[in-house]
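Just so it is clear, A, B, C and D label the chains in written order, and each chain counts residues from 1 on its own.
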Amino acid sequence: MSIKVIIAGFKGKMGSTAVDMVKGDADLQLVALLDPFAIEKEVDGVPVFNDKADLVGFDAQVWVDFTIPKVAYENTRFALENGFAPVVGTTGFTEEQITELTDLSVQKQLGGLIAPNFAIGAILLMEFAAKAAKYFPDLEIIELHHDKKKDAPSGTAIKTAELIRETRSYKKQGAEDEEETLGGARGAEFDGFRIHSVRLPGLVAHQEVIFGAEGQGLTLRHDSYDRISFMSGVNLGIKEVVKRVQLVYGLEHLL
Amino acid sequence: MSIKVIIAGFKGKMGSTAVDMVKGDADLQLVALLDPFAIEKEVDGVPVFNDKADLVGFDAQVWVDFTIPKVAYENTRFALENGFAPVVGTTGFTEEQITELTDLSVQKQLGGLIAPNFAIGAILLMEFAAKAAKYFPDLEIIELHHDKKKDAPSGTAIKTAELIRETRSYKKQGAEDEEETLGGARGAEFDGFRIHSVRLPGLVAHQEVIFGAEGQGLTLRHDSYDRISFMSGVNLGIKEVVKRVQLVYGLEHLL
Amino acid sequence: MSIKVIIAGFKGKMGSTAVDMVKGDADLQLVALLDPFAIEKEVDGVPVFNDKADLVGFDAQVWVDFTIPKVAYENTRFALENGFAPVVGTTGFTEEQITELTDLSVQKQLGGLIAPNFAIGAILLMEFAAKAAKYFPDLEIIELHHDKKKDAPSGTAIKTAELIRETRSYKKQGAEDEEETLGGARGAEFDGFRIHSVRLPGLVAHQEVIFGAEGQGLTLRHDSYDRISFMSGVNLGIKEVVKRVQLVYGLEHLL
Amino acid sequence: MSIKVIIAGFKGKMGSTAVDMVKGDADLQLVALLDPFAIEKEVDGVPVFNDKADLVGFDAQVWVDFTIPKVAYENTRFALENGFAPVVGTTGFTEEQITELTDLSVQKQLGGLIAPNFAIGAILLMEFAAKAAKYFPDLEIIELHHDKKKDAPSGTAIKTAELIRETRSYKKQGAEDEEETLGGARGAEFDGFRIHSVRLPGLVAHQEVIFGAEGQGLTLRHDSYDRISFMSGVNLGIKEVVKRVQLVYGLEHLL
């Protein structure tokens, strides 16, 4: 039997990509769409709602949310209170809100997922990097993005570095008498290791973690070319939350 | 307090590299060397034995064995019976022998390790590849070795492929109407995915597992340049077996 | 002063991308569009023609052609006869046609370009690979494409291999007693070296040429993500043909 | 007929590797060895000299020199004056010395080579990078070395960057509002592009130049694992200088 899915924020980029994904999977059934400003009454036979209040008592198991930070918390709360397991890609939740929603999910015996990143590959890379750092404390991160990106290093690189810090024994890498003849050559320092940010046209979002040890090397790389890559994570989230009885923060907890 | 280590087969390539490694680690203490054909009575103050029988009652915790298949089983048995936790890099054990030695270890409440591969990086790569294959069933393996290598694919590639098969949902990859205009272009087929073997001078032993999914890719690569890379695995083995009460087959069980 | 450009076949995928490219470059000026089936009379102020005969005497220097094989030869001939330097991306010319058009260009003292491939990066890779093969006769090609691709190896890989064959001293690579325990592992053989074809979802069109020699390796890789990458080649073609007095076949002759 | 070779500085690391290389090539014949402090009178039948004066009138065509900066200039001068084409790997020549030796070579109608770098792969990479930069002005250099290396970026990276500067149209890369949230993340700036230095155990000497453009990327990588890689450059040098009538500075002039 297929899982019945509501999608909130279905007119945004991520929301509309999610609509296509759900429609394309025979194990899922799209049963309702929500957007306060939508004019259409239905899309390909699926009813469109402007107000979430109208979804009270609706027959569905999962609430996918790609709305905006301002309403996502209220939406997630509403989903849990009405028996829909939430799968939320909107960011901006505070720690207090996550704790509160987790408690509510336990009380309601509902699974749920709030995920800042749905790219399974990126999450696996982080997990693998953190494990490898236990055995290979010498490593450097190279992240590569398109040249319109403003911040360096990328948020994903910082997140990866933080996870590595938890498992790696601290070590200041590089030669003791190391010297930069051109400033910045050795990259940014984070906990004794280095992060390098490459920015070039044509690139999208890529990350490499290189580990080195006597006589060997281990390299982990993730390439992200398109927003569609997030959809396998959303799909996995939908199929996992219906089996769970507690909301989690981070897709890694469902892998 | 340092761990007291005996090394059997100390005159071979791996054995002598192990001698250097143990001497170079302040947490380990080399206390005896064994080789039936050694003439010297000691090496840098460490006594050399020709007959393992003379080591009965010797004060040591770990028995490192890089001998030859013919004697390794007897040596491992002897080690367990005399209270030395074995760390064995010699290959050629039968399944029956491993079961028997494992049972003996449990009875003696001793840890132990028999490992066909001590390269931690290679073992992590296999573990990561098997996990990633759960979520990314589309993958190809490229292994690259020096051009004197006789067999293709490499043993490590086959082992990796077998581990992937256990976690991956079977899928025949590639286009249905795929056609090789030059025979062999698509590589060797293994359980619906492909393995490619590159042979070039200058290379040593390298392996890449490439996963692809809509909009993203994940690549795992291990480079092995030198036998010395095995020593971090031997070192880890020594430090782990003294904390355990059962022999294991495969370094992955200590990671 | 800007170069005045006519685009034939402006309604196709390549043609319309070329329209955008010409409009976006201040050094170029789009002066006419041609398509036998176009209904519109102009596009953003640029006149649209259905019949090339109406372009006799038109004030333009370059004729960009992304039509179909059936008409491309006639179009190129027409361009040369009427003083427009042709830049042609349509394929399917015979050797006789190319020779004839080249002769005509010399007679008219006009530059011109017929190019089966406008990706500058792919062409540089081929040129570099052919040069490197002079010094490094040991090499393998790995080409990677999306998993809907039917033929293996790719046309670009074959072309690259042919160019390499011209500069490389023949050598049968790999160990003499090499053995495939899984058929196809060593890839396709071409002139004594190997070509491997990887097919995975998420990939677009990528090619790697790996050279190996004692103690060193050289790797050349081209990644093609999008048709837009061809436009820098078309742009270069337009700017170069106006300086030349002979038509060439292949963008490499203008690099 | 084989080329007769003298090797000066035959007891050093490079010199002795060169001895092995010459002996291993049937097209070359080792006829004399020179070292002021050598005690032996011959090595495998090849006469050893302590004083270059004793080599006046000796029957040889090429003088390979891996001595020390202090004597290399005098040696090279001596070689040219006595009819031996010099192939010199010793560094430290001044521009004036190179000019003077080049003039002398022309006068004597002798070829010759003074090369700061004999790794053909590294030199090809520089040449290719400089050519690609003409068409792809957006690029970054990543150089990777063992973690005992003191200076960053490497000398080879600086040299590569200088060659690129000669062909590339100046451009300040990266987003205009780019911001480093961790200092150094974007690497060292050189003429508007970036250089990143990675330092890890297990690595030897590697360099990657990554070019990016709309819809495509081009990556050039050289891996140097062992000093032996220089020998193919020395070999090529010996075989080329006997065909030339002028000394050149830099192996690239013989490629």
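We adopt the following convention: a residue touches a chain if its C-beta (ideal position, glycine included) is under 8 Å from a C-beta of that chain, and two chains touch if they have at least 3 such contacts.
Since the model is a prediction, treat every value here as computed from it, not as a measurement.
Shared contacts of chain A and chain B, meaning chains that touch the two of them, come down to C, D. Look at the CA centroids: the one farthest from the centroid of chain C belongs to B. A separation of 35 Å divides the Cα centre of chain C from that of chain D. Inter-chain centre distance (chain B to chain D, centres taken as mean C-alpha positions): 39 Å. Between the CA-based centres of chain B and chain C the separation comes to 49 Å, rounded to the whole angstrom.
In chain A, the residues touching two or more other chains are 202, 211, 213-217, 223, 225, 229. Remark: chain C residues 138-140, 142, 144, 147-153, 158, 173-175, 177-190, 194-203, 210-217 touch chain B in the complex. Residue ranges on chain B touching chain D, taken from their complex, read 202, 204, 223, 225, 229.
Of all the residues in chain D, the ones that touch chain C in their complex are 119-122, 124-125, 128, 131-132, 135-136, 211, 213-232, 236, 255.
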